[in-house]
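Structures incoming, each one as C-alpha cells.
In the two complexes below, chain A is the common chain; its partner is chain B in one and chain C in the other.
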Partner chain A sequence: MSSFNPLYHSFWYLLRGAGMTLLMAGVAVVPATVFGLVLALAQVFGRRLMRAAVVGYLFLVRGIPLLVLLTFAYYLLPLTGIDLPPFWAVVLVIALYYAAFMSEVFRAGILSLPAAQWDAARSLGMTRSLMLQVVVLPQALRLAAPPFVSLCISLVKATSLVSIVGLWELTMASREVVERTLAPFQIFIGAAAIYFCICYALALYGRHLERRAILGH
Partner chain B sequence: MEDTLSDAQSLAIEAPETRLRPMLEIAGVTKRFGEHTVLRKVSLSVQPGEVVVVIGPSGSGKTTLLRCINLLEEYERGIVTVDGEPIGYRLDAGGQRIRMLERDIVAARAKIGIVFQSYNLFPHMSVLHNITAAPIRVKGIARAQAEARARELLAMIGLSDKEAEYPVRLSGGQQQRVAIARALAMDPKIMLFDEVTSALDPELVGEVLAAMQQLARAGMTMVVVTHEMSFARDIADRIVFMDGGVIAEEGKPEQILFSPRTERVRAFLKRYNERYRI
Partner chain C sequence: MPFDLNFIARLIPALLEGAKITVELAVLTMAICLVWGLLVALAQGTRGPLGWISGGYIQIVRNTPLLIQLYLVYFGLSMAGIPLSGFASGLVALCAQNGGYVAEIYRGGLQSVSTRQFEAGRALGMGRWTLYTTVILPQVVARIIPPLTNQSISIIKDTSQVAAIAVMEVMKISEIWVETSANTYDVFLGAALIYLALTSVTSCFGRMTERWLAFAQ
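Moving on to the complex of A and B:
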C-alpha cells in the first residue's frame, strides 16, 4: 500500500480542490438553469424573431467546444474591457454554455405535455402565465428532471477544463500534486474517485426523480 | 320564489317565442381547417336550463362546434354569446366582427364549463387540488371556501373518499366525474360535454351519465355531444343532428330518433342501430 502514500498525504488537498469544483459547479448551475428556462420559454412562446435569435444562440454555443469558449473568454474578455475575476469569468462561460443544453431539456419537457392539458387549463379561465405556473411548468419540469440531472453531472465534470486557464479546483490540484510527487497514476485515481463519488450521488438522485416522474406525483 | 321560478319555466315551455334571452347563442359560425370547411354558418340557440344533445357521424363537426363555443378553436366567421355576453368576437356598430382583448376572452371563457372525452385532469395534483386550483387562482376565492365547495361537489358525485388521491389512481369513470366537478367548481353558466363517455369501459359509463342527469335536473344549461342514443333520449330537451358541418335537423328527442324528417338522420340512425344492436 505504500505506493499510495502520495495520495494518502495529499488527500485533504485534493478534497479542498473538490470543494472548489463543487462551489464552481454549484454557482454555475443556478444561472445556467434560469437562463436555460428563459431560452426554452422564448423558443416555445416567443415571436418569430425571438425564436430565431434563440435558435441561433443554441447552434452557436453547441457548435463550439467548451474548452475553446473558456480560453476565448479568458484571453479575450479582458481585451474588450470586461474585467471579471477569473472565477466569475469561467462560471459565466460555463453557465451560458450549459444554458443552451438545459433549454433543450426544458423545451422537450414543455412540448411533451399533451395539448389536452393546455385545453383543460385554458377552459378553466387561466391566463397563459397561470397555465404555465399551475399546469405546464410543474409537469414539464418533472419530466425534464432526469435529463436535467444528467446535464448537472456533465457540468460538474466540465469544471475540470478550467484548470487549462489556470483556475484552481480538483483537476488543477491533482496536477500540482503530481508535479510534486511524480505519482500521476495514484493521484489521478484519487481524483477520479472523488469525481465519481460526486457524480454517482447526483446520478442516484436523478434516478430517484425519474421514479417519481413515472409515478406521476 | 319557487313558484315564480316554475311559473317562468312552464311559461317558457308553453310559449317558446316569449322566452328570455338565450343562455347560449351561436350565430353563423364558420370554421375551416385549411381547405376543409368543418362548420358552415352554424347557428344554434340554447335556452337557460335547456339540455341540447348534439349527435351525428364522426367528422360532422360536433366536437369542433363545442370547442368553438369557448374558443379552444378559432373560427373564421360568426359570433358566440353566453348569457348575452360575447365570448371571443363582438360586432361593432357597422356589423364588423372584432376580436376581443385576450384578457376579456380569458374572463369570458371562465363562465363556460367543458368536460373532455379524455378527462384531462391535472396528473400532478390531487383530486381536491384539481377542483380548487382554478377557483383559487383564477377567481381568487379563499382556499378554505374553495375546498368546502369542492367537498360539496365531491359528495354530489359520490367521490368524497377520493379527495386526496391522484388521478392515476382513479378509474376512468371516477376521473370523468372529477372532471365534471372541476368544471362545476367555477360556477359556469353553461356546461359543455364532449363525448365524455366514449373513452370509458362500458360498465363505467352509467356513473358518469348519472352525474350528468343529476346536473340536468338541477337546471344546468347543457350542450352534450354524445353517441349514447338512449341517454340522449332521456336527457335531451332537444336533439340537434349535425352532418357535414351543418345542422341537418333538430327537434324533440322522440321526433329525431323515431320519426326523422331527413334521409341523413335516418341513414345515421340505421348505421348506429346496426352497430350497437347485438
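Moving on to the complex of A and C:
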C-alpha cells in the first residue's frame, strides 16, 4: 500500500468539508428538535384526530429510508415549483425526518415521569401550561438528553447522504479527492477519522449527561 | 405523466426484483449480526486486549457513517487487492456497522437484569449453566426483542445506501427508472410503498414475537 501522502496534501480540503457537514447538521438539528417536541406534545396531549395525524406521520417517516426522501425531494421539489436552494432543501428533509425520531425520545421522557409528579402539580392548582413549563418539561428533557445526543450523532452521520444528491460536504469532498488521487483507502480513512472525532466527542458528552441523570435520581 | 397504469404495470415487476435484493441483504445482515454482535459483546466483557479491541471496534463503527464504510470496503479493499462485488461489499459494511449496534443491544439486555436475579439463582444452588439458561437468558431475550426489531427496521432502511455502490436494490432501480422515464411520482411512490411494507412487516413480526415470549413466560 502506498503512503498516506494524498491524505496529507488534501487534509485541509477535507476539514473544510467537515465544516460544511457541521454547519448542515447544526442548522438541521434546530428545526428537528422544535418540530420533534411539538409532535411529542401533540401525541401526548392532543385530541384523538391530532394523535392519529402524528402517528401517521411517524409511520411514514420511520418506514421510509432518508435516502429515498432526499432523492425524492431532489427530483420532486423543482417539479412542484418550490424553488429552494439545495442546501435548504436537504436541511428541511433531514429536519423533518429526524423530528420523527426526536418526538419518540421526548415522548418517552414525558411518559417516564412518575404519575405522582402530575398529581402533585394538579393538586397545587397549576394550569396545564404552567405544569408543562415548571414540572414536566424540565424533568422530561433531562431524561431525554442522552438519547437526544445519540440522535444528534445519527444526524451528523446522515448528512453524508446528501453527497449522493450532489451537495458538497465531507463525504463529497473525500469522493472528489479520491477521483483526483486514486487513493480511496487513505482518503476515506481520513474522512472516517474526521467523522469519528465529531461523533465520538458527541458520544462522550452524551455519556456525561447520562451519568449526571443517573446521579440526579 | 403521473399515475400512468401502463407504466405502473411495467414498473412493479422491476421494483419487486429490487425488493428481492433488498430483502436478501437485510435478512443476511440481520442473521450475521445476531451472531457477530454476540461474539463482540462477549469479547467486550472480557478483560485484556480482546475486550479493549472490541470496545474500540464498537466505538469506531458506531461513530462513522455507513456510506464512508461502504466506500472504504468497496473502493478501498479493491485498491488493496481484495476486490469484492457491490453486494458483498454492502453486506460487509452493513454487518460491520450493525454488528456494533447489536453488540450494544446484547450488553444493554444483560446489564438490565438485576444482580439480585444472579444472587437468587446462586442462593438456590444453581450452577452457572442452569442459572443462565433458566433464569438470566430468558429475561434478556424478552428485553432485547424490541430494540432488535428497531435495529432490523434500521437495517432495511440502511440497505438503500448500497445504491451508492451500484447494487440493484429498490433504491438504485428507482433512480434508474426516474432518470429514464422522468415519471418521478410513480417511481418514488412505488419505492416508498415497498420500504413501508417491508418495515411494517418487520415491526409486526417483532410485536408478535414479543407477545409470544410474554405468553411463554
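The rule is short, and it goes like this: the second predicted complex is superposed on the first by the 214 of 217 C-alpha atoms of A that agree within 3 Å, B and C clash if a C-alpha of one lies under 4 Å from a C-alpha of the other, contacts with A are read in each partner's own complex, and residues count from 1 in each chain.
In this section, a residue touches a chain if its C-beta (ideal position, glycine included) is under 8 Å from a C-beta of that chain, and two chains touch if they have at least 3 such contacts.
If you're wondering where the values come from, they're calculated on a predicted model, not measured in any experiment.
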item: Overlay on chain A: chain C relative to chain B, clash or fit; value: fit
item: Partner touching more residues of chain A, whether chain B or chain C; value: C
item: Partner chain(s) touched by A:139 [first = chain B, second = chain C, both, neither]; value: first
item: A:110 touches, of chain B and chain C: first, second, both or neither?; value: neither
item: Touched partner set for A:120, first chain B, second chain C, both or neither; value: first
item: Which of chain B and chain C A:28 touches, first, second, both or neither; value: neither
item: Contacts of A:130 with chain B and chain C, given as first, second, both or neither; value: first
item: Inter-centroid angle chain B-chain A-chain C after superposition on A [Cα, multiple of 10°]; value: 100
item: Shortest span in Å between Cα atoms of chain B and of chain C, once chain A is used as the common reference; value: 22
item: Common interface residues of chain A - those touching chain B in one complex and chain C in the other; value: none
item: Interface residues, chain A side, partner chain B - complex; value: 116-117, 119-127, 130, 133-135, 138-139, 142, 215-217
item: Touching residues (chain side chain A, partner chain C) in the complex; value: 1, 59-60, 62-68, 71-72, 75-76, 79, 153, 157-158, 160-161, 163-164, 171, 174-175, 178, 182-185, 188-189, 191-192, 195-196, 199-200, 203
item: Chain A contact footprint on chain C (complex, rising order); value: 59-60, 62-69, 71-72, 75-77, 79-80, 153, 156-161, 163-164, 171, 174-175, 178, 184-185, 188, 191-192, 195-196, 199-200
item: Sites on chain B touched by chain A in the complex; value: 70, 72, 102-103, 106-107, 109-114, 116, 118, 120-124, 133-134, 137-139, 166-168, 182-183, 186
